[in-house]
Amino acid sequence: MTARPEPGTSTDGALLRCENVSLSFGNVRALVEVSLTLRRGEITALVGDNGAGKSTLVRCVSGIHRPQSGRIVFDGDEIDFHSPEDAREAGIETVHQTLALVEDLTVWQNLFLNREIVRRLGPVALLDRRAMQARSKEMVSTLAVNVPAVRSRVRRLSGGQRQAVAICRAAGFSSKLVIMDEPTAALGVQETARVEELIFRMREEGHSVLLISHNFVQVMRLSDQVWVMRAGRCVGGRRTAETSGEEIVALVTGAAGQ
Amino acid sequence: ASGEPAGPGARVEAAAAGSPAGQPRIAAVIKGLDNPFFQAMKQGIDDQARAGGVTVTVQAANSITDTTGQADKLNGLAGQDFSCYVVNPISGTNLIQGLARLSMLNKTVVNIDSPVDPAAAKSANVKLATYIGTDNVEAGKMAGRRMTELLPSGGEVAVIGGIAGDVTSGARVQGFQQGIGPNFKVVQTVAANWERQMALTAATDVMRANPNLVGFFVANDDMGLGVARAIANSGKTGKVKVISVDGNKDALEAVKAGTLDGTVSQYPYAIGHMGVEACQAAAAGKTLPPNVKAPVEMITKDNADQALASTPKPFGAYDDPFKALIQ
Amino acid sequence: MANATLAAGDREAWSARLKDLGFWAEWAALVGLVVLVIVFQALNPTFLSAGNIASMLVAAAILIILAVGQTFVIATAGIDLSIASTMTLGAVAFGQAYAAGWGLALSCLLGIVASALVGVANGVIIARGKITDFIVTLGTLSAASGLALILADGKPVTIIDPVLLSLSTGGLGIFGWSFVIAVVVALVAHVMLFHTRFGTHLLATGGAPESATAMGISTERIKIAVYTISGTLAGLGAILLVARIGAAEPAANTSFLLNSVAAVVLGGVSLFGGRGTIIGPFIGAMLLVALVNGLTLLGVSQFYQPLAVGIVVVLAALLTRFQR
Amino acid sequence: MANATLAAGDREAWSARLKDLGFWAEWAALVGLVVLVIVFQALNPTFLSAGNIASMLVAAAILIILAVGQTFVIATAGIDLSIASTMTLGAVAFGQAYAAGWGLALSCLLGIVASALVGVANGVIIARGKITDFIVTLGTLSAASGLALILADGKPVTIIDPVLLSLSTGGLGIFGWSFVIAVVVALVAHVMLFHTRFGTHLLATGGAPESATAMGISTERIKIAVYTISGTLAGLGAILLVARIGAAEPAANTSFLLNSVAAVVLGGVSLFGGRGTIIGPFIGAMLLVALVNGLTLLGVSQFYQPLAVGIVVVLAALLTRFQR
Amino acid sequence: MTARPEPGTSTDGALLRCENVSLSFGNVRALVEVSLTLRRGEITALVGDNGAGKSTLVRCVSGIHRPQSGRIVFDGDEIDFHSPEDAREAGIETVHQTLALVEDLTVWQNLFLNREIVRRLGPVALLDRRAMQARSKEMVSTLAVNVPAVRSRVRRLSGGQRQAVAICRAAGFSSKLVIMDEPTAALGVQETARVEELIFRMREEGHSVLLISHNFVQVMRLSDQVWVMRAGRCVGGRRTAETSGEEIVALVTGAAGQ
């Protein structure tokens, strides 16, 4: 049952490789010997039922959880992130499913959180609020249709507006890998189209993207490679060009063997 | 000997204050809020003010530890048109700032009960017209001597104090230790935060830890009543002696009933009373005696009836030099 | 062009804000203070005399400094219950050093360092031990006052020093030196909170610790920092306290604890963290001091004062009801 | 069949729980208490004598009752700072009524009603006025103690009543009546919290007020209810207090305030609301009482006691670090 | 520009009618004279961009917000809910977009929140935990694939599992109108299929459903009537049978007039 990298996927172009990663919460086995590979400069999709363990895997890669066993290799080095800060420094930006926005801060403060622009005044570094606000406005208007005021608190935003802010934050800073956990779940048609454009643009600019989505049409449209998880295990991977939506559904539901 | 006023000259000040017809307007700042001791003091102040037909404003700190709050209150009153200030500072120095301002304005300052630190007063140019009060160390000593009288053969005693580090409590305890005979051994000192309930619990525990205990010294009456209760609860009434300080009405009754073996009565009523008299005398242009000892009595079962009959006033005669000045 | 729209947005935002009840709620403490001042002045004209204002400002200085420290802690959704006994410990350390002849400057430094160390201990235990702020600072409340008692052997030390005396009595016009110090502290704190990365990270830590962590902010470091700041400010308060009462006493200054938190909450800062201002707690502290001062001036009886304080505090808080 | 799987799930859950650090953390107060008992007993054998146990249990009774009330409030993410002065007010009301010859039963009732009214006031102002719990109860802390002073004219009333006396001295074996009352209160509270709709709604109100509102729960009513409960229990505490010390005093019982909150937090209840147990605060209260009792028995100096208390509190809290 | 009920929709069969409902937050005009009608026993869809005001409208109907102007008629009576409790009592159950679960309570406690089953023991009513747990288990397993333990706290659940719990709660209690604000946004394929089944079943049982969704394929598949919102206004309504996905998209984006 344990999945191993597809024979077809050479590990040379690999940006991220998970090998037998396991993690349990009490007696919930969220990840069971998960192995998969992400190639450089590609859009990789990760699909699976609710509770299959996708977000948990993402959290392992982005430094929130530490795997109980197995290893993760990123950009050639085995990684052992102790905190999300380590992951961000290594070049991994994440849009978490639960968004990770600070509701009481404004849109611009959230966008630049821990990436603040400062002006040096002798020994002290003061925030350059104007610059950040102006840039935020630009960033948000690329994605949102009903653009929220960058100085309103995130608490005030609609579900989709928040999602847009979270995506902007991850996309706005150059990084090697951008992970997006169901980025378009709350988005409208127009916004979804813009995010998909953004994802393509990121690939063109040479970033790699890990996309989690329940929308198989979207997955087939965007991705180069699909990995499928079921009940904590990675049960298979396919090149998108060589598979079909039906095969993926079969893998997700367990109707097909590997 | 402490509480020596830093300077005389009450006459000049009274004149400078320009009170019409020699009637002072008095502001008093005292210590406690929820303690009967200071209520008796306030009563003394109010009664004498009423008798003398003078106006008086009494303010108190929020608690016996509220040093800065008391200073704030004095400062609040200092800017107003009072001619005479009666102060009972929580510590030797906490009111210095306000007092310095009053001295600059040539207001009469009467220090009652707890003395202002003389060295601090001197360096801040604080001029005190007079000091009226009893030394807490002296009160503690009286309690110690009484304990020795009650238990000539000595033994193990314990001390229940107020909040740890509190000045009044510290002075009384220090006095007690000086006053007891050489046969006594203080086995434990517990801080019961001036609370009757805590004193009760602490005394129960102390008696359990020291089965041979023969007596308690308690830093005020309220806690003393708690200790007496603890002794009664453990069936040791009479076997373990309790002596406390203050002379509140309830304590006097307890002494009479025999649950308390004595209280050192400091007569805050008389102190407050004389404080107002001192202001009146100063306003009338009299020269005040620098240092007036307030009455203090050891109340025991023998004189408890007398004490109760006259409370809050002292039952015995006492020396009141101001009475003559304002006749 | 972006700038132009921003500026326009600014103006619009301001005029909208003025109409918004929520805006006034943020300034509840100020409204309360103004009302109080008007009432007291009407009842007793000495209230706004230069002398009384001066003494109120001086009386408020220590509370302001503690409230600023408390604000930093509360903005991270914590609370520093040890702030008053940390101040006591600082005062005692200062007093003992001074009595031992260390000289004023060195003694001051020692007092501040002692308090700062309590803050560091708080921060480290809370952040690394992952224990609730409330219980840790409750523990250090007790421990610090115990240490103060032990250090001082339960006795106060009288400190008479001309420099300290002028600190507590001198000043710039009606602004006593200690008030001037408090204002400077508040200004620096304001800049830290709203114009540095640290401030933003602090608010993020308070508002959504998990999100802050996910964004790579070390919430541990922030926690340690805020408690250190609060401890240091308690140390500064200790110096002013010694200057004010002329002695270093080991007895607890309990009223400062609840008052410091009250000033912060009256200033419109949520105890749940993530939001905060400095000006609010500043005014909150002034409100509390003015309240007691005014009641004293009016000669309200000692028994009625707690009742009056309670009612006014609740009324002032009622103004904040439109907030959020 | 559904039942069979449920039972199996039960067993599994228990064995898993015992291995879980988090499980032990929930019982931190108990672990702390056991450790403390072992240490004290080793150092002084009178610690576990029947007499000492009896007096510890009696001494703990009032604190337990207050901690139970405080738990209800804290579980809704509130805090009742007025709990101790509400007790004072209840005691004074009781004392005045008794002194005026109302008879024991009526006086008791009056004392409890007076305290309950303070609770109702707290609840109504907090819920309807939408003001932070902290500041409202800080206000009523002040107001209630002011009222107590006014009512009593600042003077204690000695109350000698045979029924009250036997309440404070009699009991079932080593379990004094007041402890028995505290146990009954805790049991009733436990049932209320975990086996009634009210309890679930209370936890929902504390954990996610907006969600609770969206599900049609009246968080206002819940808030008013918990403060009323807390006030009523403070009134019950007042009766026990008067019985214990034989007098009704207007003195502020400040130590009860912080101790009641400390007991709750040591008992593993989060100050952020939404979770809680009754057994935890119960044991937390016992821990605090045993600590002071043990230190006194050992004759630890008054200056070292606060330090020791602080250290033990932090250590006990360290046990809760694995919680969440 | 203001929309009015479609000529085709007779108001006789109307269960809910909003008439010129407006609501502003500060200077954000979230709802501008919104008028629309829901028919009895139908599935009505509400679509629109992010921030268009859909959730705000839902919150008005379910008693969280009160409209600043306009009126809402439910089941023949004009309503003026002062709290969500009023709405639930009138027979409106809502699955909010932000879920409205209590994270610190268990799954079964959430499912029965404010609908607890009690046993009467003389004067006291005690919770019947076993009954509620057993029923919860049944309810959740109809929707979820990776069924979470009903006694675990909601905090522990994956995004989709939470969504399933929220839907179960709204569907599990008989009511006249069930409002679902993006119920399948976080759901996997299998779970989505089950929810869609559930929605059909509810219609069969005579309940009315208001469905908010960004998935137009789903909307076309499920609904009988579609209303479209844009920037706070209701810009049109169509019988689903008489329209097409393209027309709806055009309405949403503003490419078409009414």
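Should a chain be cited, it is by its letter among A, B, C, D and E, assigned in written order, with residues numbered from 1 in that chain.
Following the convention adopted for this analysis, a residue touches a chain if its C-beta (ideal position, glycine included) is under 8 Å from a C-beta of that chain, and two chains touch if they have at least 3 such contacts.
What you are looking at is a predicted structure, and each value in this text was computed from that prediction instead of being measured.
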{"item": "Cα-superposition angle relating the copies subunit D and subunit C, to nearest 5°", "value": "180"}
{"item": "Chain of greatest Cα-centre distance to subunit C", "value": "E"}
{"item": "Label of the chain whose CA centroid is most distant from the centroid of subunit A", "value": "B"}
{"item": "Distance from subunit E to subunit A - Cα centre to Cα centre, in angstrom", "value": "29"}
{"item": "Rounded Å distance between subunit A and subunit C, as computed from the means of their C-alpha atoms", "value": "43"}
{"item": "Subunit A and subunit D: spacing of chain centres that average the CA atoms, whole Å", "value": "47"}
{"item": "Centre-of-Cα separation between subunit C and subunit B, whole angstrom", "value": "34"}
{"item": "Residue numbers of subunit D (touch at least two other chains)", "value": "145, 149, 153-154, 254, 302-303, 305-306"}
{"item": "Sites on subunit A at which at least two other chains make contact", "value": "none"}
{"item": "Residues of subunit B touching at least two other chains", "value": "33, 63, 164"}
{"item": "Touch list for subunit B against partner subunit C, complex", "value": "33, 42, 57-60, 62-63, 65-69, 71-73, 75-81, 91-94, 96-97, 100, 117, 119-120, 123-124, 163-167, 170"}
{"item": "Residue ranges of subunit D touching subunit E (in the complex, touch as defined)", "value": "2-3, 6, 9, 13, 191, 194-197, 199-201, 203-204, 206-208, 210-218, 274-275"}
{"item": "Subunit E to subunit A touching residues, read off their complex", "value": "25, 28, 48-52, 55, 97-98, 144-146, 148, 156-161, 163-164, 182, 185-192, 214, 216, 231, 249, 252-253"}
{"item": "Residues of subunit C defined as touching subunit B within the complex", "value": "46, 49, 51-52, 55-56, 58-59, 62, 145, 148-149, 152, 154-156, 158, 160, 165, 168-169, 241, 244-247, 249-256, 289, 292-293, 296-297, 299, 301-303, 306"}
{"item": "Subunit A residues touching subunit C - in the complex, by the definition given at the top", "value": "62, 64, 83-89, 94, 96, 99-105, 109, 113-114, 116, 118, 124-127, 129-130, 133-134, 137-138, 149, 151"}
